[in-house]
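This report refers to the structure that appears directly beneath it.
Labels run A, B, C and D following the written order; every chain starts at residue 1.
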Amino acid sequence: MIIDAARAGKAVFCEKPISLTLEDATEILRVLEETGAFLQMGFQRRFDAAYVAARRKVEEGAIGSPVVFTSISRDPFRPPLEFCDPKVSGGLIADMGIHDFDVARMYMGEVKSVHAIGGTLAYPEMNDVGDIDNAIVNMEFASGALGVVELSRNAVFGYDIRGEIWGTEGSIQIGYFRQTPIVMMTKTGIAHDAVPYFFERFESAYLTQIQDFVENVRNGRGPSVTGADAVAAMRISLAANASFREKRPVEVEIARNHG
Amino acid sequence: MIIDAARAGKAVFCEKPISLTLEDATEILRVLEETGAFLQMGFQRRFDAAYVAARRKVEEGAIGSPVVFTSISRDPFRPPLEFCDPKVSGGLIADMGIHDFDVARMYMGEVKSVHAIGGTLAYPEMNDVGDIDNAIVNMEFASGALGVVELSRNAVFGYDIRGEIWGTEGSIQIGYFRQTPIVMMTKTGIAHDAVPYFFERFESAYLTQIQDFVENVRNGRGPSVTGADAVAAMRISLAANASFREKRPVEVEIARNHG
Amino acid sequence: MIIDAARAGKAVFCEKPISLTLEDATEILRVLEETGAFLQMGFQRRFDAAYVAARRKVEEGAIGSPVVFTSISRDPFRPPLEFCDPKVSGGLIADMGIHDFDVARMYMGEVKSVHAIGGTLAYPEMNDVGDIDNAIVNMEFASGALGVVELSRNAVFGYDIRGEIWGTEGSIQIGYFRQTPIVMMTKTGIAHDAVPYFFERFESAYLTQIQDFVENVRNGRGPSVTGADAVAAMRISLAANASFREKRPVEVEIARNHG
Amino acid sequence: MIIDAARAGKAVFCEKPISLTLEDATEILRVLEETGAFLQMGFQRRFDAAYVAARRKVEEGAIGSPVVFTSISRDPFRPPLEFCDPKVSGGLIADMGIHDFDVARMYMGEVKSVHAIGGTLAYPEMNDVGDIDNAIVNMEFASGALGVVELSRNAVFGYDIRGEIWGTEGSIQIGYFRQTPIVMMTKTGIAHDAVPYFFERFESAYLTQIQDFVENVRNGRGPSVTGADAVAAMRISLAANASFREKRPVEVEIARNHG
């Protein structure tokens, strides 16, 4: 579809994944280059107010030089089993982690190697389709900096998206979001309201992302998130999957920037 | 304008204040009753997610019986002096406090008497136009419950809107709102992002409020906030103003509900 | 006992109240002056890390000039009825509020007048002994600044001690204390651990206070909290009690400093 | 010294590390077994109120079955270079991580394998002595659960000790500790007070730990933390060091429990 649209001269907005295989993705990038077509990838976290504010703080030098990146993504439930099949979803690490790998690159630059561990710890039935429900992926960046991504399908209380950019002069934590600024103090304790679910958490990021796409096209600007960005995150996912299967660290082939 | 619109058979949405005098307000209510016209008042806090969630918790009995209501409203700066003139604005207590008096009624029922103190403590130039910049109003409700409203024009860090509903079985605090869930940890301390300004704080409440108005009109439902509600909050403001001038507690004439 | 100890040349540490009547207190102060005896009053909040840190911030000018002081003191339960009798305890306002009035003076200077409202809202049986369980006292300081004290006996979740010093350039909030830095995120919400009870809350303040007393005596320094401070807080309590009974603002006679 | 004390019939309290080599530690355990001497190891986090409360919550089943353990330990500065020499300190991973490995075992049981990455990212001069200043160690537990430890020497704002126990039914976060419950709201933002340094953070844990040791000896109870616990944590450290050097996951030999 991207190739057809690109050949037809349309500007394209594409949700992840750009494709199911690296070969298809490479072909897409080639056609984009050939046709000069506009493609912007949908990685909504890049447009979320918290991630944007953190990025600005990093760029301002508020925490010195970033040396460790931590990212936590946890879904409140597992998908229906038919969508858990790694042949469809890419498996937990690729399906969920791609957003973490994308923001990792945004804050820290390219990833050089990864090592992944994981297990089926909350939903035994996922073993039947060959997927896992919890994983930890650590990363070494080309810069020498370090990273870790924690993924889970059992955030029973809501959609748990957090992270930290750890620098030589301090830390920026992207914390859990509260839907309202209410605090309850009762005999059972001190409680905030609940963590929001996916659409509440990222509603305005999705809106901002589409506005950004439209403005980029209208004003003849380049895409904010390129196809090459999508391929780079995919390469990290694939390396992490290979690491998990082969129980060893795996090098990531760093995509050259021709999005 | 309300009267003209009502006579023309229009549904009316009106921002506070409904009028500058109690006489005009009473006349408006009379015409509304006569014509059966639809009037909904704009008190956006009633549509803010935090105030709505707190109301639901109170109605569910989560804090037992509410016995004290505290409300803090603080603007980040004083208005231009020409708008501070109490003849135009009604003065600090009426201009800012009317929202607090309205939500006080929403959570706690009618106010029986008030006592106000205040002063020009941050902007000496406000003395020139006869207004104050900080005030505290305490309230006795018809139910016997207690309340206190704190008003200020010098919340230099943002728009500081907070409150607490204190019950026999616990407390609901409506806290300060953070624009993003970011926490910075640096040598200078642990800091959240800043408190938002007025339009960020209540943007979605204003939207929800207008949607509610439209749906009420479309579905033939009564207004969510009536002209009588506006008059009731106005009576509390006027009593608080009188209390401040006369340095004594003042009874509030309780509006009968014919909005 | 204070008088006997003073005449015997002992250094005296005295918990509040210094006496049950103003007459006795005045006599105590007179004997202290006559004998030159050392008396230090026990107002442990002045030694609590939070109140101390807030005081230092105020003195550093971190919030500009303080213009409003808010203080909340709430006990987790009512005392046994025999101790609620105002003839024994002084009543809710004097018994609990004296600590708030003392720190009010510490941050803001002398209180010029007070106005109190209150009621028996949580424990109807307190009516039998003539005491109330919730009260709000507002204050005008000699400086023109404003204050409000909220008192309650029904903080069912723990010992709720909070406050705010509101300045022309910002705010210092003294918030609720958490016993441990644990946060629970479960299906039922996001919860901190509970608020501590009295002795956990002020354990180290009591220790610091006694150390301070001993060091003052050893080093021949004056007392950190004087008998005159105790009398000044008592005068505010008495004025607030009178205001509550007479339903009008009452002037506070300002104690001269000869402690 | 432990062996001498054990042979002399003394009860021994020993700070980590129990020894510099596994051989010495094994010999110590052997002598303890032979003499029946009492040894309690100093792992003060096990006595910290937050870690204790979290443990109780886990044991109560509050978060279901724990599946991921995350632990962050960050020192506010690097030690003097002569103490950074891995031949003296064991290197960052062993020197700092041993506490994290110990609490990991406490919450999650034995560790089966580890994989470590790290780098000299904040203090280039540490390269001269062959140590690193940041590391990430991931862990697979014998139960199949997952873990990650983040270590750093550049927490410039204080002593940053945090963790999370992630379960099938929720999460317990052990958060950053605030010295006082003060919040400042000024033009520069909303800020807590600073994070405490080491001795403030764990002062009461150290006290509790020694009281526990004394009571165990007095009452003829076994040690709360055994020499075998110390050896088990040491084995994890050594495996993590080996993993870092060899750039591959390393199995941990699980200590048999004969402390």
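Operating definition for what follows: a residue touches a chain if its C-beta (ideal position, glycine included) is under 8 Å from a C-beta of that chain, and two chains touch if they have at least 3 such contacts.
Computed from a prediction, not measured in an experiment: that's the story for all the values here.
Novice: Provide the labels of all chains in contact with chain B and in contact with chain D.
Specialist: Of all the chains present, those in contact with both chain B and chain D are A, C.
Novice: Return the chain pair with more inter-chain C-beta contacts, choosing between A-B and B-C.
Specialist: B-C
Novice: How many Å are there between the centre of chain A and the centre of chain B, using C-alpha atoms for each centre?
Specialist: Their C-alpha centroids are separated by 42 Å.
Novice: Taking each chain's centre as the mean position of its Cα atoms, how many Å separate chain A from chain C?
Specialist: 52
Novice: Chain B to chain C: how many Å between their CA centres?
Specialist: 31
Novice: Enumerate the residues of chain A that touch no fewer than two other chains.
Specialist: 156-157, 160, 169-171, 176, 178, 184-187, 193
Novice: Which residues, counting only chain D, touch chain A once they are in their complex?
Specialist: 65, 67-68, 70, 115, 117-119, 121-122, 134-136, 138, 140, 144-148, 150, 152, 154-157, 160, 166, 168-171, 247-249
Novice: Please output the residues of chain B touching chain D within their complex, sorted ascending.
Specialist: 155-158, 160, 176, 178, 184-195
Novice: Please name which positions on chain B make contact with chain A in the complex.
Specialist: 49-50, 53-54, 57, 62-63, 169-187, 193
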